[in-house]
């Protein structure tokens, strides 16, 4: 098919990218899939990949303060807002899916967001301003008109911390990114309540990038099956 | 039978290369006993042993029949004037002197009264608010003396207690200590390098030679000749000096 | 009377130059924060959220410092003045967390206090996870190994002979400790308190992990810095940081003022080196 | 010869009980980490990435400790032994960052080293932002105020009279410092080195802000803990934490072993309190 | 004209409530000068002043014509035996004694040789590896003496240098110091409480009363009567003692 052709073209390009370097900022949550993608790209094209991982806030500050770098892979498009001045172009990569998670076996029988208002259900969410997942949760619950009825016992500052709260059994339900939910002590509630709030992981080109050729090649590579397989391996859903 | 105040039996102790060897001594109540001896002969170690300072030893030291190490440190009621004074450098002279009374939870007025009495006896009234770091040698020595005396201990151990004093202050101290001894009847064991001082103050005198307590004599008989050549030599060392004067 | 100063030696000049470098560098760092925070400072002072965070920060840092000292002083005493089996090993265990990332300590605390033990505590009314108490515990755990280590070092330096003498004047071990050991380590203890309190004020790794960041409930100044930074609101964030600096300045000033020596404790004060 | 121990007083028993509580609590915290990390430990040891992180951690922590001490010892000397104008103010400035959240210090460093000054440094070949050097600088800045404060306290406790006597025996200020002041603060300095090194090993707030974490380039053990935690891989994360614990244990053991006293420096060693 | 070794002119200093008042004294090269006086009369402060210890004073102290405070501490070449010894407690006796030589970057063999010589003179060979904390009083004193003597200073200041020694060791010390003085010709200024010691050792003797240096006499004329009743009284304090012997 045409996709495999594209991949082959890239192999041909490899000579021209050897010796070049791409400087990428990537959210800490995506360390594993993106690390693998970067490795693959380097293997195929010979382009050096320097990927700085940190949490979104730190990356945003680094981008703004240093004025360096080619790409920013953020957890959601919202995270591009603080750096919108320096983003020239962005492209969505994979779906970032918020889910409702509960303890495995779903002892409280939570089947949807509306069940969060049930008596005795303790919920942990992300901070409504500082974390995208917190914003989503607020939005979803507000849209249902139940935010004030939900017993939110705590707000956490990062997605892994939200998940920790559930996995150590300090609450009954959480709203968190799908890839955060790992291990056997928790499970994702099969509900469509959050489908409307699915975000997309964007790859944003920064205006400090002078390496148009390599950036272009990498952007194309992100579309390749190789990249998509890797994303899927780590629980992300590929767009369309 | 009354137990002697201090009873040392077959006491030996090893400290580094130095050994205090097989000491036997009994000091009765109210007695004043002086220890003479060359520098490094073990006088201080002997006093420390009586105070129950050391952990590993053989033999026994008893105070009024009770092994000293079995009495908790804070209950031994021994007044000790250390050779290097051992003052609390973070406390003023007044606080140093009244330390024991503070521990006994005496009230302020009583502390003040006792301290004034001590200051009077030892003429240290003018330095009460100074810190030990600013004192002169003799002032430190008298502060240490006051700190021990104020508790009116049954047993007073003094390690060269007047060595930093000038002759006239010394003279005054002799009289004061004698007076205190008469009034309160404490037992005194002290170390000195001054033969004259030993004779004036003590009932009996012991001479230390190389970690052994060799001659124990009555004060008046100090210079009596004996078989022990080392003792004769030691006493002569002082005697020579005395005839030169 | 005339005063005399000896000339500065080369070595002294060298040390002063290093000091100046350190001061300049520190000032630049502080300025970088304050300049960003200043324009938002007034606004921050009027914000109820910030005022809450200030109070919570002061409260938790103070309580955790008190707990830290209450645990560390006896422990340091036991480690330096008593003998019990496996003392060296115990000492190492206590100091092991020294190099733990605070994040890990936080996670570890979360695991411990979410266990049955933690649940039992919660039943008894002592809630830790997602609660103010958790902030205090996180700060305590983060500081404890340092504080113990420093106080231990201070106690070690105290002349045990003075303690012995104090004992022979009738003081029990407790009284010896209170009248001799503690006053003689005063400086080190003041320094340690400043350390623990400052670190309590600035800690966020363990705290965020254990109690999260619920606004107006478990939000300290440091969490507020963190949240505002994450929101992209650098100005507000630096305003909170500036408030921490101001608090810090006041406390340094106070401790300096308390810790000053009045009486002349030795003749060295008059000395011309 | 028989040995005698005085009976434990109530106070001593109390301190030992507190110590035991502290030890148990610390052990539980450590176990919570180790138990989670152990199954992944073997795998971690074989990972090239982890081995790189170990080396980088040891390297940066050691270098930053050396820099810290090299700056702090002269500064502490200047603050305690020389007189220059505004000394008290300088001291406060130096200690102000004590309570700064490391995150803020990191941001401040990022701002400073992204400025023209930082750009100039970069031109000269000294890259800080996104570079190993940045890790070292972040650790140094985070530790410096503590280290200065502690060494300053230690120097203050040294009897200046001995320094004077040393001078009158012919020693210059530098020689007095090397032969008297420094050896007499030995214990405090060892303790401070352990603090700085451990904190260097465990620091991530400032480091992440200034250099982020690039695998096989600027990834230390602590950032590895952080990244693994962020991706939800608690096992791998705790494995890295366990490695930090092991390193810590070895270093505590070594410093204990180096710091042991051999000769008998006073009669108190033989004493029965 | 040769400058005197020590020249004190109208020197006054205030320390707390104590005042050293208008001291005038000139000590020529190779002279041995003894200072007597009651405890707390300011003898130690006088010695410290000669060593350039203090920062605030009026008047002047010069060594060979040069104000002492203008000479950097490390270049003053004064040997000082402190009343409380001031040993470096983190160094062994050997390290204490050879400290000055180490500073002068002397080699090991030389240090060893000199230390052995000192050990011989002061009979402290057996304690070379001990630390000051374990020494007896007399051993500390001799270590302090050795540390000062080993540098062969032009001016030797000694504050009650033999106070912790027994008579025979003292006797030995007198002879050794006299010998050293004869060979190296250093100037010696020392404080003592022992009139006999002062007379035996010194060429001239000064008496301190309440911070003033009142009588300066030739050694042989120490007990000569004078107008100053305080001095007579002070000397009598010792005399009384002497006749009692």
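The first chain written gets the first letter, and so on, giving A, B, C, D and E; residue counts start at 1 in each chain.
Note that contacts are C-beta pairs under 8 Å (C-beta built on N, C-alpha and C of every residue); 3 or more make two chains touch, one makes a residue touch a chain.
Please read all numbers here as calculations on a predicted model, not as lab measurements.
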Identify the chains adjacent to both chain A and chain B in the sense defined at the top.
-> C, D
Most distant chain from chain E by Cα centroid | A
In whole angstrom, the CA-centroid distance of chain A from chain D equals 36
Give, as an integer number of Å, the spacing between the C-alpha centres of chain D and chain B.
-> 49
Two or more other chains are touched by the chain B residues 15-16, 53, 73, 134
Do you know which chain A residues sit against two or more other chains?
-> 55, 61, 158
Any chance you could list the residues of chain D touching two or more other chains?
-> 5, 107, 111, 161, 164, 167, 172, 226, 229, 234, 264, 266-268, 271, 273
Chain pairs in mutual contact under the definition given at the outset | A-C, A-D, B-C, B-D, B-E, C-D, C-E, D-E
Provide the residue numbers of chain C that touch chain A in the complex, in ascending order.
-> 107, 110-111, 114, 129-130, 208-209, 211-215, 217-218, 223, 226-232, 234
As the complex stands, chain A meets chain D at residues 25, 28-32, 35, 50-55, 58-59, 61-62, 65-68, 158, 160, 163, 179-183
Flag every residue of chain B that touches chain C in the complex, lowest number first.
-> 51, 53, 73-78, 80, 82, 86, 88-90, 92, 99-100, 102-104, 129, 131, 133-134, 147, 151
Residues of chain C defined as touching chain D within the complex = 5, 8-12, 14-16, 18-19, 21-23, 26-30, 32-33, 36, 71, 74-75, 77-79, 81-84, 88, 90-105, 107-109, 111-112, 141, 144-146, 148-150, 153, 156-157, 160-161, 163-164, 167, 172-174, 177, 187-188, 191, 194-195, 197-199, 201-205, 222, 225-226, 229, 234, 237-238, 241, 244-245, 247-249, 252-253, 256, 266, 268, 271, 273
Residue ranges of chain D in contact with chain E within the complex = 161-162, 164-172, 175, 179-180, 183-184, 263-268
